[in-house]
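Read the structure below first, then the notes.
Read from first to last, the chains carry the letters A, B and C; within each, the first residue is number 1.
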């Protein structure tokens, strides 16, 4: 009942009866949380499973690993099984070896006693265990810090450049009337149409001709001017009062001063939204860096983390774990900026 | 504005850092770049060997750039064409990259050693028409062949077909086993044109016409294609491998095999190390000799080569590195530690000890080494053909469509012929 | 993370200000240094022409990394062979286009010589139609729900936005992992007594999941655009409706939806353009299969020009020119719609 009252506190104050649409809304939202977060949570849980546990069906919710015990007289640790013996009793036995359909088992408590058990009469004994080796093994293989630095460098520098040149262009398009304005706007929109994938080879040619191949600038520069950013900022700037700019001009402020002292601060919410997008784009970029960066010292994290994908196999346990690693900054952005994302985009002038 | 200064400083510093670090150290040592992809531990082994090389040759340093296979397959040709490629790379499409190959003969210590030991494989790396060049050596020779889950056969109480059994015998047997033990994949074949050709060879395809040009869809080919098509219809093969992705995408059944869902898996010698590690003792897995057909029992050879490229600035140093890596003791160690079948005639004759191999792996290596000795000349010629990848890709892409029910088999075969002709024509446009 | 209803109101001044100030500061200093030359420039060319100065850097980048490559692509499309540098490629005229358009009937991809391209066109069209419909529907419902005065509204908004932050590859990997033969969903189905479904072997299912995953990943963005529109609707309209005791669905159809229409158009056109460009998500999820049931145009271009053994730059470029033209028409559509409501 209290829940009902709690939920019933709507803008008309307490006591207003709960309409069925309110209940439907909460159900919808609860489902939404599950559907949006669930898959990611499942990824994280799976990334802590051992290679063999990943292959199990049905998959267990939590990461389990088979218990291994040390048995006196045996050089290696032995896997533990819950075994049904011919007399019907159930015991926990360690497996020494398996020959064909028969397993040779030993009682850890009494190593002198050996059993021969059909392999379908035993079940592994398991307990929750995190397979942290999924993370540590691939991470140890390479200079993680170097790649992290490269990725951060690319992300930060590219985002700063993007913010600067996009806001300048947006300012130009939002504030001035000039011949060619239509054409310029059209060109920005036209650029929106061309995904990087379909001009990959020509851009590669341009970048190598500029002598940028195998430098981080080859990753930073080509995507620095984003049509989305120009658009976003322009729309936001259009909502700013024109008198402000006129007044500043009266005060003999230069156009450049108006841009960075008056308009930029007022555009902060939109700039922040673009910054978030830019950070995400750059951090997640894979196809393009893979094409232009061939030297280990300039690898970004995304390339390095994929280097263990061979011709003939995908190692899911590593792949899942490394995916989680690249998700960490995304999760951080989400946790710290989640409120801001919602309000920021909401007010970014898509109205 | 005071708060700004540290930010600026750090920004400038990091900029500086990036500029400095982005350049190779200019010193008396020559730095070479080697692009390398790995399926298993071979990258670590190679890094080890290169370290040892550097200790003995202080004036040359080889940086090993470990890349995803995708980078070798897709980006390397563009990088080489634009002059941005590495000096040396581990590659699979030797024919396609042969136009960038460096002929190392003038720089090698003893070209005769290369000729005697790598002779048959050198042809795979030579540009069309060239019969002399020495551009590299095989890091591994692979042969296709089936793995069988023996435990499933035992559980089902079905006898495993013997040495010279046909594909039909095996298909019948694995279907029976799978039915009894509820395995979803009676027979799995890698989704790869190369693996399909292991089957096609046994069905007697000739690949080339009388004029030496490819004549892909002949009677033997049609028999093989029909088998695959029928197996998908009757459930001997699951659509999950061949039918679930498009184009030339590779799909293996490693995970399914490890999980005891596959009775028989046609793949190749490169899987041994992995199965030894991950299947461990969960069931008995064995390699069996290639099944036979009217065209014999040959498997398809293949492998990866370490190739030097003519865009390099330091051909002499490249040759020194290659001489070292290709020398018999070093190559023997490399193969032994990564459980590879060597593509080196001398080593093949002597045989390699695999001290780290488990009994299962050692047995499998023995089977594959034997089957490497029985590869037919036609299979070698097909693999070494400059445009072999064009054929393999067209075949797998179109058969995939037929298997998934999108086109008929006849249509697929017509398309294969057309695709191969069109792509070879495009490649020959000058 | 729970929000009091009042806190859910936009407060860009605080969080936004702090964050953006840190981000913009270094740039700010550089900008100050730039003032004297800019002032001089302004005196030299006049206030009006300063517009070009502001546009210059961005358009220099566009020119170098978008327009020039498009030009190179056009050169590629009228040349043949496998050489990389345009100067080394033999001129073939419209041959690539002729090959691309060599069809018995444009309605039947299998009658075309380059059938994969046309299958890509058909699949992309199908994908875009389903995806845009679902996208508009679900982001509309979600925006309406999130616009209600409910508890934790800020949190819920962010929840739907979360997948937007993930890279397409990660999105596809996550779902591939759930949908595979022995994945979570099949575990749920078998627990409920059903049979395992091989989602990526059935063309219908594969297309369904391609659409589903794409909507899952991007609806947060479109929801926020619609939400902004909903918040711009004057509150007194609703108050008046409440006075008259107008039923809720009538309020919806008579007030909310008509006033939201401009934002809907933005959503539709944006989703349309982005949908037609879909590549990595679906490529990683389904690999374009089964057969070629989810092969998209961009994937075709990527595979023809880049990922195949004989990199056929000419044919891929021809296809990308065709795609570019179609997309440009779609964009003009957006432009027209945008102009009408003056965004």
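As a convention for this text, contacts are C-beta pairs under 8 Å (C-beta built on N, C-alpha and C of every residue); 3 or more make two chains touch, one makes a residue touch a chain.
Only a predicted model underlies this, so the values are computations on that prediction, with no experimental measurement involved.
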Looking at mean CA positions, which chain is nearest the middle of everything shown?
A
Give me the two chains with the most inter-chain contact pairs.
A-C
Chain A-chain C separation of Cα centroids, rounded to whole Å:
18
Nearest whole angstrom, what separates the Cα centre of chain B from the Cα centre of chain C?
37
Chain centres from averaged Cα atoms put chain A and chain B apart, in whole Å, by 32
Among all residues of chain B, which ones touch two or more of the remaining chains?
73, 78, 82, 259
Set of chain C residues in contact with two or more other chains
26, 28, 84-85, 181-182, 306, 311
In chain A, the residues touching two or more other chains are 55, 201, 205, 316
Show me the residue ranges of chain A that touch chain B in the complex, using the header's touch definition.
51-52, 55, 97-98, 100-101, 119, 141-142, 153, 157, 201, 204-205, 208, 213-216, 290-291, 294-298, 303, 306-313, 316
Mind listing the chain C positions that touch chain B in their complex?
25-26, 28-29, 80-85, 90, 92, 110, 113, 115-116, 181-182, 198, 200-201, 203, 286-295, 303, 306-312, 314-315
Chain C partner, complex, touching residues on chain A are 6-7, 9-11, 19, 21-22, 25-26, 28-29, 32-33, 35-37, 39-40, 42-43, 46, 55-59, 159-160, 163-166, 168-169, 171-173, 175-178, 181, 184-195, 197-203, 205-206, 210, 221-225, 230, 235, 238, 249, 254-257, 259-260, 264, 268-269, 271-272, 275-276, 280, 283-284, 286-287, 316, 319-320, 323, 326-327, 330, 333-334, 337-351
Along chain B, where are the residues that touch chain C in the complex?
1, 3-4, 7-8, 11, 73-74, 77-78, 81-82, 93, 96, 184, 239-240, 243-249, 251, 259, 389-390, 393, 400-401, 403-407, 411, 415, 418, 423, 426-427, 429-430
Once bound in the complex, which stretches of chain C touch chain A?
1, 3, 7, 9-12, 15-17, 19-21, 23-24, 26-28, 30-32, 34-35, 38-39, 42, 47-55, 57-59, 61-62, 64-73, 76, 84-86, 141-142, 145, 148-151, 154-163, 165-170, 173-175, 177-178, 181-184, 186-187, 190-191, 216, 220-221, 224-225, 227-229, 231-232, 248, 263, 266, 273, 277, 279-280, 298, 301-302, 305-306, 311, 313, 316, 320, 323-324, 327-328, 330-331, 334-335, 343
